[in-house]
Amino acid sequence: MHFLTLDELTVDDIYEVLHQAEALKNHKLLSRPDLYAVNLFFENSTRTKCSFEMAQRKLGMNVLSFDAGTASISKGESLYDTVKTLEAIGVDVAVIRHSEERYFDALKDKVSISLINGGDGMGHHPSQCMLDLLTIYQEFGSFKGLNVTIAGDIRHSRVARSNTYALKRLGANVSFSGPKAWRDPEIGDVSFIEMDQAVKESDVLMLLRVQHERHAFGENFTKQEYHNQYGLTLEREKKMKKNSIIMHPAPVNRGVEIADELVECERSRIFKQMNNGVFTRMAMLQYVLAKREETKHELIN
Amino acid sequence: MHFLTLDELTVDDIYEVLHQAEALKNHKLLSRPDLYAVNLFFENSTRTKCSFEMAQRKLGMNVLSFDAGTASISKGESLYDTVKTLEAIGVDVAVIRHSEERYFDALKDKVSISLINGGDGMGHHPSQCMLDLLTIYQEFGSFKGLNVTIAGDIRHSRVARSNTYALKRLGANVSFSGPKAWRDPEIGDVSFIEMDQAVKESDVLMLLRVQHERHAFGENFTKQEYHNQYGLTLEREKKMKKNSIIMHPAPVNRGVEIADELVECERSRIFKQMNNGVFTRMAMLQYVLAKREETKHELIN
Amino acid sequence: MHFLTLDELTVDDIYEVLHQAEALKNHKLLSRPDLYAVNLFFENSTRTKCSFEMAQRKLGMNVLSFDAGTASISKGESLYDTVKTLEAIGVDVAVIRHSEERYFDALKDKVSISLINGGDGMGHHPSQCMLDLLTIYQEFGSFKGLNVTIAGDIRHSRVARSNTYALKRLGANVSFSGPKAWRDPEIGDVSFIEMDQAVKESDVLMLLRVQHERHAFGENFTKQEYHNQYGLTLEREKKMKKNSIIMHPAPVNRGVEIADELVECERSRIFKQMNNGVFTRMAMLQYVLAKREETKHELIN
């Protein structure tokens, strides 16, 4: 049993994980030292990796250290053989971030270790998606009819893709905003609006990080030009709807996609999202491990 | 008390560790949070490092993180001073992998911390050797008269060297196979046979990894040529003796020393070896720690 | 509540931490799995990082792994945003080493996570200072009137600076020794003496590491010339006062600031310092956490 994309989950499954995450916020510490987790991050990360490790420790699991830089992968070993090795060693669950889209397709039916997708290239990022859903759900109690605008580099964002599909399934109206060059023709049936319109209409304004790794500023616009034309400026924030919220998966480029002073403003849920991330990931781990134990019982009976 | 090479152990000692490893497979979890371990790996490793860490955690030990890349070693500190530092800090046992052969000779009589050799250059690799012995012992119940062929780069392999000496002491017949250029004139009294003969005669066919770090293919043969002439092809496997087994210390070069499809075939014990590695290392840790506690009692009484 | 420099502590506070460190040496293990620590080391370290981790584990805390090399800091995230992220994730205390002097000024009033300074550029290194004080206090029972000479690269040493201020506040007489070019005009009112005089007069001879990272030998002198003119040679050690001790923050350049054979000689407290480091850091952690819990109570009542 894995947790790879939200596409595998029914709407009921999604709500089950959200409710479980809420419940875990008030839960006392668990202790499962018989369970072993490992976090295989082949791409840089602070937030997601630390958050998963915190979630594992709060569940009382044993967390094995794994440094992708010094692992045998650098001797040319395949991801499959690395995962099979960890399985043979006795690891129960592996969280993997890898630059290859759908890297998990080559693994999921061949391993008994449980996989949780921590991000696959420009594909999916289900734990980010789940924590975003939790943050919206806490705020509005429902997704039906909510106006959500996702703004920025849609084309290269696994967050944009995962969130759009999930939010639409849950009944929200999703719009995109940002430079034309960064639109993604593959995500159909989503309207594009200017930021000036987005701030007026959105209940949720979800800003994406401008990815320096993928883009060079200066090609089409400077940081300041991006901020003025596509970013959430101090002026635009004043025009936002009452009770609307600002979200961002972080790390934030302060002064680019969002004005520095707005990162911790009253309607910002940016650090709330990070806090929710721990409980969301605890719920995802429990969801996978519960299914895993069911399967074991079935095999025995 | 250290565990540096198998040469220090009597045959009785070896059997003691093997029996202990077997017993640990069915043991419940131990808890020794008063014991502190650290793993100093100055060469890349997934398997050995993770396996030792898993063993330490299954014994309930505290495992300190240590990143050789960012340690003071890079400020020019000697291995001796690093180990003495860890000793002063309160570490009980250090597992070390280092590129220098017999690095431990400069340490073993001067430190009170217990050392376990995780591999020294082209010298020894006792935990790999012990887990190989356990895998063979589980299969055949004895070493006496068994035909074992070790195939591949004998000269640069610490596995070949350690295993040959240990297997001969335990009564097995050892042969080598592979390219002439990779024979090791220093290991005397072992016959060389072709792979076509090896598959017919061996009870245990132990394949070694072709080490890309040390060799460049293309000098004498391509990967395909190596596979055809010296590797375990699909055709050769069919000629193997009934009940004979395939072993490999991994990581495997699929399609070079062994055909891709054979890595997980019925007679392959490759992932079994990895699984045995955890219990073997638990037994090695217990062996060292028991001797350590005996010594402390002697000092007190 | 943080622990950033010794300047924030009263003399009574300093003695409180020293007494607590002494008490912890004989204390049984504590268990605070509800507390989460993280060690953010943006500069190389074995001793300080391992020592803090050991202290955290001996207090029974949960230690999250954090690799500065692969963190989002490399995506351009600020230290502030990294620390706020860890706070949002639920971390209670962060130990930080950073090359920027007084990096903590931009953080200390804005975060609720407790910060412990593990070294800031050429600024402060309070845990090293506290463990040096503990080592001297254990030896002499008081600081009043003690002659302490700090020898070596005064100008680039955060140890020299922190120790000088603290020792003077506690009543010791501090002198400096070493090359003229490495004197620090900013630390006023400390006399400079030659090493030949220092060995005769000092109760505590505190040697500093010649920092290869900052200096190139060969500019003004070779290693041998440094040793002969400014170092503690075998001959000079013979002229040291009865009951005087040798200290060094390590890593040591054997044969440069101190003769190889003297590192573990009878009057050397070098490895004792490292051992004291663990208990000192436990006391610092407890000091910060106690203040933190007081503050929480105040907020509730």
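Order as written gives the chain letters A, B and C; numbering starts at 1 within each chain.
Just so it is clear, contacts are C-beta pairs under 8 Å (C-beta built on N, C-alpha and C of every residue); 3 or more make two chains touch, one makes a residue touch a chain.
Note that the coordinates shown come from a computational prediction; the quantities given were computed from them, not determined experimentally.
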item	value
Equivalent interface positions on chain B and chain C, same or different at half	different
Rotation in the CA alignment of chain A with chain B, degrees, nearest 5	120
Whole-Å gap between the CA centroids of chain B and chain C	40
Multi-partner residues of chain C (at least 2 other chains)	65, 67, 69
Touch list for chain B against partner chain C, complex	33-34, 36, 38, 62, 64-67, 69-78, 81-82, 84-91
Touching residues on chain B, where the partner in the complex is chain A	29, 41, 44-47, 50-51, 53-54, 57-58, 63, 65, 67-69, 212-213, 250-254, 271-272, 274-275, 277-278
